[in-house]
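Multiple structures are listed underneath, in C-alpha cells.
Heads up, the next two complexes both have chain A, just with different partners, chain B and then chain C.
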Partner chain A sequence: MSDIGGVDLFVLEFGDILHYFTPYSLTLFIFALIFTVLVIVARPERQLDIVFGGDAYYAKKTPISERQFRRFMAIACGLASMGAMASGDIFNYTLFVSMVGITNVGIVAAVKSRHVLNAAYEYGIVAMVGTLPLFGGAALILGTTGTLSIPALATGGYAVPLVAKILLALGVTGEGMAPFYAAKAEMFRAPGAPYVIMCSLSSLLIFLRVVEIVITI
Partner chain B sequence: MILTYSIGLFVAFAVTGIAFFALMRETDGLHRLLLTDLVEVVTLAFIALVGTDLAEALILPGLVVGTSELIALSEIYRVKEGFNRPPSDGLQIEVMETAPPILAALLVGYGIILSGFSGGAVAGLGVIFYFLSRDHHERFEVIETASGYSWVIWIFAFFTFMIFPERWFFAVMLAGSAILVKVMAKMSIIGTMRGGPNV
Partner chain C sequence: MIEYLVFAAVFGLLLLGLHRKVIARIQTRPGPPIWQEILHALKFSFKSTWVPRTASATLYVGIVLIGIGIWSAAFFVVFAGESILILFAIYMLHKVVEHGFGLSSGSPYGKFGGVRSVISAASEIPLFVTIAAIYLLTGSLILRDITAYQGVHGPLLFIAPPFAIAMFLVILSKMPYGPFSIVESKELVSGYKTEHFGVWRAGLAVTEGLKTFVLLYAFVAIFIGAVPFWAALVIMTVVLISLSFVCAITPMLSPYDSVTIQGLITGLMLVYTGYLWWVIP
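Right, the complex of A and B next:
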C-alpha cells in the first residue's frame, strides 16, 4: 500500500480478515499501549473541592469498588483501542469502535453522582445512536464492493460510495464523541484522572484511525 | 446495483429519518432509551440488506453490541433515577397462570425441530415467557449444568469436524442440539431478571 499510512510493517492474515501495522497505526497502537500500562499501574487522583470564601477544601475519596470497576473499564477501553488500531477489516474496526463507546460510558458511569450519571446517560444514547451510521457505513461498503478488507479496498478497482465513507466517519464521531465533549463537560466532574483521560485518548485514536481508513479506501 | 437492495436502502434511510426525528422530539429519558432500540433495529436492517452469508455472520456481533449498550444504559438509568426496590409481584392476570405452559411447550417444541442457533432462540423465548409469567424459584443449577454439558458437546463436535471430517453429519447433529440447549439456557435467565433473591 502506498498511502498516508506508509509501508506495511507487519501483516497477519486470516484469509480475507487481516491485521496489519503501518508506521501510522503502529504509532497510535503504541500510544494506546502506553496509556493502558499507565492506567494499570497508576493510582487515581484524589479530587479536591475548594470551599468558597474560606481556606478549607474537601478531599474526595474514590471507593475501592468504584475504582476497581473504572480501572477495569479503562483497561478494556485501552485494549479495544489497540484492537481498532491493528485491525485491517472494516467490520472488526467498527466493532472495536463500538466497544470503545461502551467502555467510555462505563468509565464515567460508575461514579455515583447525579450530574455525572445524567451526562453519562446522554453520552450513552449518542453512542448507541452512533452505531447506526457506523455499521450502516460498513454494510454499505460490503454491499457495494463485496469486501471489507482495507488493503483489498486500497488496491483500487472498487468504487466505495462517498456516502458510506461519510457514514463511517459520522459513526466513529458518534461513538468517540470527539466534538461532543464541550457539551458534556459535566462528565468530567468524575474524579480519577487516568481513567477519564482514557476516554479522551481512545476517542482521539479511533478518530485518527478512521481518517486513515477513509482516505485509504 | 440490484433494485431490491436500492429499495431496501431507501426504506432503511426513511426509517432512520423517522427514528432520528422521534429522538429529537422526545424528551423523556426512558422513552428516548426505547427509541434508541428502534435505531438499533434499523442498524441490523442495514447489515441484513446485504443478504450474503457474511452479512448473516455480521448481524450477530451487531446485535450483541446493541443489546449490551441497551443493558448498560438501562442500568445507568436505573441508578440515575434511584430505582432500587425490586418489583414485588408479576402480572396478576388469569391468562398468565394458564397460558405459559402451553405456549412455552409449543415454542420449545418448534425450537427443537428448528435446532441450532435459531431453534435455541425460539425455544429460549418460550422458556423466557414461562419464567416471566410464573414464579421463578426454580432450580437454576440444573439449567447451568445442562448449559455446561452442551458447551462440552459443542466443542467435541468441533473436534470431530477437524479430526474425522467424514463424520460431519454426526458432528452437525451434535453441534446443532448442543447450541440449541446452550442458547436456550442462556436466554431463559433473562426471564428471571426481576431482582429476586435467587438471581
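Right, the complex of A and C next:
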C-alpha cells in the first residue's frame, strides 16, 4: 500500500474489510476525539449581541433542552468523523460522510434564529445533492474493480477510473468545503460554541481523509 | 526535544518582528524593534489572566493548548522528514483553532473573526493542489523522499516554480498584515484573537511563532531540498522579507475578493497540474 500518510501503525480486520491507522489518519482521528471530548465536557459560550441604536448589549443563553439536543448531535458528528478517519472501506466512509452532513444540520437545527435555520436548510440541500456524486463515485469504483477495500485498491492491481475519484472528492466537497460552504459560514453565527465548531471540524476532517483515499487508490 | 521547540518558537517570533519592521520601513515608518513580538509574548506571560464570564471556559483555555500542540506536532513531522500530508492536515486544522479562539469567548468581534475564518477556507485549496502536484512529480509525499528527489534532479523551485508560488501564497494567507488577513482585520479589533489576553495571549504568540517557523522551514525543505541548518534559517529569512514586501504594498482584500483570488489561483494550479499529468509519462 502507498505510504503517503506514513507506514501503517494498526490494522483491524473484519473479514475482508480493514480498519487501519497511518500516522496521518491517526492524527485526524485524535483531533476528532479531542474535540468530541471538549463537546462533552464544555459548557457553551453565551454569545454577546449589541443592540443597535444604543449602548446596550445582551448575552444569549442556550436553554438546557436545546443544549442537550445540540450536544447529542455534536457528539454524533464527532463519532461519525472518527469513523470516517478509521474506516478502510470506501462504502463505510461514504456512509460516515453522509452522517456528518445530517448531524451538521442537527447541530444548528434547534437554534431559534431564522437566519441560522435558513443557512442550515440551504446547507442541507447542498449536502443532500452532494451525496449523489459521493455514492456514485463509490458505486463506480465497486462496479469497475469489484472491491471497495482501500488497502486492496491501493495495491495497484486495479484500475480505478479517474471520474470515480473526482466524483468521490466532489461529493465530500459538497458536504461543506469551498466553494460549497457559504451556507456553512452563516451557520457559524449560531451561539453555542463548541457545538458549532464541530460543523467545521467534521468537514475539514472528511475532506482531508478523502485526499488520502483519492491519492492512495 | 523541548529546546528545539523553544528555539523554533523564539526564532518564529523574531521573524514576525522582522516582518513588522520591514513593512514599517517600506511604509516610511520607524516600526517596532524586531524583538518586539518576543517582548509581547514575555509581557503577556506575566499579565493578570482570567476567563470572561460569557466564555465556554473549557474551550477558551483548551484551544490555546490545542494550538500549541498541533504546531509542535507539525514541527516534529517536518524535522523527522515525515509525510507532508500530515503538515497539510495540521495547516487545515489550524482553521478550527482560529474558530475555537473566535467562538469560545462570546464576543461579537471574535465571532466575526471565526465566521471570516470559515469563509477564507478557500486559502487551503492551493496547498492541496501543490501537494498533489508534488506527489505527481516525486512519487512520494514523505519529506525524506522529496529531499532525496531534489538531491538527484535539483530543487523543485526550478523544476515546477508555479507550485512554489502557490505555496508562497498559502504562507502569505497566514501572515499578519497581509492581503488575506481578513480574520484579524482592524474593523474586528483583533478578530479571533480579540478576547484572549494575559497568559492565553502568550500561548497564542507561541503558536504564531511555531507556525511561522514550521511553514517557512517546510517551504525550504520542499522546494530547495537538503541544506545546512544555518543556510535554511537564512533562506527562511529571505522568504519572509519577500512576504513582508507583498504585505507592505498590497491592501487588505475584502472577504469575498480574498476568496475569489484564492479560487483563481487554485484554478490556475489545477490547469498546470493537469498539464503536468498529461506530459509526465
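Just so it is clear, the second predicted complex is superposed on the first by the 204 of 217 C-alpha atoms of A that agree within 3 Å, B and C clash if a C-alpha of one lies under 4 Å from a C-alpha of the other, contacts with A are read in each partner's own complex, and residues count from 1 in each chain.
In this section, a residue touches a chain if its C-beta (ideal position, glycine included) is under 8 Å from a C-beta of that chain, and two chains touch if they have at least 3 such contacts.
Because the structure is predicted, anything quoted here is derived from the model rather than measured.
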Next item on the list: Mind working out whether A:204 is in touch with chain B, chain C, both or neither, as first, second, both or neither?
Entry: second
Next item on the list: In the overlay, work out which of chain B or chain C sits against more residues of chain A.
Entry: C
Margin query: Touch test for A:45: chain B only (first), chain C only (second), both, or neither?
Written below: second
Margin query: Quick one: is A:158 in contact with chain B, with chain C, with both, or with neither? Answer first, second, both or neither.
Written below: neither
Item checked: First, second, both or neither for A:69, with chain B first and chain C second -> neither
Next item on the list: Please indicate which partner A:112 is in contact with in the superposed arrangement: first for chain B, second for chain C, both, or neither.
Entry: first
Check: Which residues of chain A touch chain C in the complex?
Finding: 3-6, 23-24, 27-28, 31, 34-35, 38, 41-50, 59, 177-179, 181-182, 184-186, 188-189, 191, 193-194, 196-197, 200-201, 204, 207-208, 211-212, 215
Notebook entry, point to check: Contact residues on chain A for chain B in the complex?
Noted result: 91, 95, 98-99, 101-102, 105-106, 109, 112, 114, 117-118, 120-121, 124-125, 127-129, 131-132, 135-136, 138-140, 142-144, 148
Note to self: Looking at the complex, which residues from chain C come into contact with chain A?
What the structure shows: 53-60, 62, 66, 70, 73, 82-83, 85-86, 88-90, 92-93, 95-96, 99-100, 103-108, 111, 114-115, 118-119, 121-122, 124-125, 128, 131-132, 135, 140-142, 259, 263
Item checked: Residues of chain B touching chain A in the complex -> 1, 5, 9, 12, 16, 20, 23, 29, 32-33, 36, 39-40, 42-43, 46-47, 49-50, 52, 54-55, 58, 61-62, 65-66, 68-70, 72-73, 75-77, 79-80
